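In this document, chain identifiers A, B and C correspond to the written order of the chains, with residue numbering beginning at 1 in each.
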Amino acid sequence: MKNIYGIHPTAIIGDGVSIGENVTLGANSIVYDNVFLGDHTIVGPNCILGEPTADLYSGCASYRNPVLIIGPHSLIRSGTTIYAGSELGEYFECGHRVTIREKARIGRNVRIGTLSDIQGRCEIGNYVRFHSNVHIGQKSVIKDYVWIFPYVVLTNDPHPPSETLIGVTVEEFAVVATMSVILPGVVVGRDSLVGASSLVRKNVEPETIVAGSPAKVVASIHDVKSKADGSNVYPWRETFDRGMPWQGIGYEQWRAMHNNRQG
Amino acid sequence: MKNIYGIHPTAIIGDGVSIGENVTLGANSIVYDNVFLGDHTIVGPNCILGEPTADLYSGCASYRNPVLIIGPHSLIRSGTTIYAGSELGEYFECGHRVTIREKARIGRNVRIGTLSDIQGRCEIGNYVRFHSNVHIGQKSVIKDYVWIFPYVVLTNDPHPPSETLIGVTVEEFAVVATMSVILPGVVVGRDSLVGASSLVRKNVEPETIVAGSPAKVVASIHDVKSKADGSNVYPWRETFDRGMPWQGIGYEQWRAMHNNRQG
Amino acid sequence: MKNIYGIHPTAIIGDGVSIGENVTLGANSIVYDNVFLGDHTIVGPNCILGEPTADLYSGCASYRNPVLIIGPHSLIRSGTTIYAGSELGEYFECGHRVTIREKARIGRNVRIGTLSDIQGRCEIGNYVRFHSNVHIGQKSVIKDYVWIFPYVVLTNDPHPPSETLIGVTVEEFAVVATMSVILPGVVVGRDSLVGASSLVRKNVEPETIVAGSPAKVVASIHDVKSKADGSNVYPWRETFDRGMPWQGIGYEQWRAMHNNRQG
């Protein structure tokens, strides 16, 4: 296909923008001041990078757009808006019309689905997966290898409306299923699973399944068996590898190698 | 109003695109390769038709955009993205910023509301109605005359994350109300009604109302009476006809005529 | 930053459009016929103002775009679509990709979050706050100082699908938390609080907290104490003032002044 790659003539580029090698900027995309785009990154049509923060409009005459860094080898699909003042690691990938606000710190190899709304002032680890239409409140902390499914909301205000924001923490390898709400300050433990349509008011212990509204403990993740062959399904890192660093070799072997490299 | 109809000069059109008679392409719309646009179809501003699939980015040098067919007399409102490799029947209509991914097979006279997210690899029948912000997972099968209301999610992964996708089936004339989640593999029966905010884990029998989290049977659809005059409300095809093929003549008479024509 | 303010050369402006002093129209924005833009209003890129109603497409040859009025000092962020035939008061502010349909009457100092979907034919008071992704059905009536949080849906059809629309009413100072659904005709009382993930089927009394699916009374708002110092949290107007007319002076003093001015 022609006319897909390269800087489209309709793209608008501000001052102090750094564009790496082999970058694509789609039609009608806008890059505001002080954006750094890593090599080989593809930005689809109608995207806005470096969207000014609210400070621009609050009468701050000396406003200077904070720096936005987008890592190399990223793929940002059409209609996405990423604010100034965030940092995204390499191999970032997202769907259409995603919003990422200021002061989001996002690791490498993260994927965020269509229409997701990252409210900024949050930390997102490596190899995290958000499906479509996930809402991440400010002050959230999401560790590596977390999966969050559609229409999940991570809240932060214990007495809305208030000036107190207490973020949710989601630990490594945890999974939050569709349409669940996590209340402020809750810790979703490592390797745990939150069932669909749950309202989570209390911390979720590691390796535990909770479900319901309000959510209660229903099982250990080790109790879930595959209908096909009766084998264990969780922890999912032992049964799933697509897009993960252990793809093709299995988690245990990768972990062993990884530990050796670090040792 | 001027400047609404016709091919806008800012529209971008790829190779192998077939544009029927009397077609409108709004400002800043993009039509990628191998899209067929039926006669009298209106595409609003900022739409993307024939969005390339992920194969384009996976290093497949021989990538050729799959064919996208959009039927005649369709109305695609602004900001909508439809992937290559899908097929939409005549008189398709959608709201703003809808996403339809690859390998969706959509019948005729279907309407899809603003911000809905059709994940592709699914089948949608004729005269189906999705309100705003409906999420249809891959492998879903939706029969004719189904209504799905805002923020409903049809899921597909029984053990997220896994490589097993088991779609939901929604049978003819079924209604799924706001904010409900249907779990993988569930069959929502003909003429049934799923109440708002339900979590549906088991099949729903025909002509049955289920509600709750988890959803339980609460009544037969024949138990629902109009507050105005005490008459039956369901099956809805006997009390509602706007936009349906039986509009103005009633379902029974239309059905009789239809059967005669086929006989 | 340059290139942020003023009428961008790529903006498209219809007939009968009135643009006040010091207005910004971002890149690729479209203003259809008969839109009035108040002084000092900023419209971001990719916005559509005065979107034609469905009457345009229903074969009405004499279609004339209804008037859209947007008050002065408004800030409309990128990708937002506002239909013809609505009226928005001064100091309106919204996030990205908001949709507001026809016949919405919106007061002054209202803020609407990213991806919210206002279905039109509704009334929204002054100083109302909608967070991201709020869905307001037709016939809704929302009074002054109401807060609605992400993924809340205000429904209107008691027997979907039907031609009967009965709107929800939300009274002054009420708060509806994340992911709640309010059923048709329900009145959410003054100073009340609807907990997260609730399904509200019955009226909520003033100063009452309801929660659950279906929602039940759980407490009086006066029972909620701050974890920090044990003081009352609600009514929130006594503990929160950001962006409110009593900012800096407190609600009671402001109210006293306000009553004096009116008296």
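We take it that a residue touches a chain if its C-beta (ideal position, glycine included) is under 8 Å from a C-beta of that chain, and two chains touch if they have at least 3 such contacts.
Bear in mind the structure is a predicted one, so any value in this text is a computation, not a measurement.
Asks: Interface check for copies chain A and chain C. Shared numbers divided by all numbers used: above half gives same, below half gives different; which is it?
Replies: Answer different: the two copies use largely distinct residue numbers here.
Asks: What rotation angle superposes the Cα atoms of chain B onto chain C, in degrees to the nearest 5?
Replies: The superposition gives an angle of 120 degrees.
Asks: List the centre-to-centre spacing of chain A and chain C in whole Å, with centres computed as mean CA coordinates.
Replies: Measuring from centre to centre gives 28 Å for this pair.
Asks: Provide the list of chain A residues touching at least two other chains, using ranges where the numbers run on.
Replies: Expected reply: 10, 28, 46, 79, 97, 115, 133, 151, 179, 197, 213.
Asks: Using the touch definition up top, name the residues of chain C that touch chain B in the complex.
Replies: 10, 12, 14-15, 28, 30, 32-33, 46, 48, 51-52, 56-57, 63-65, 79, 81, 97, 99, 115, 117, 119, 133, 135, 151, 153, 155, 158-164, 179, 181, 183, 197, 199, 213
Asks: Under the stated contact criterion, what part of chain B meets chain C in this complex?
Replies: Touch list, chain B to chain C: 1-4, 10, 27-28, 42, 45-46, 75, 78-79, 95-97, 114-115, 129, 132-133, 147, 149-151, 175, 177-179, 196-197, 212-213, 224, 226-228, 233-234, 236, 239-240, 242.
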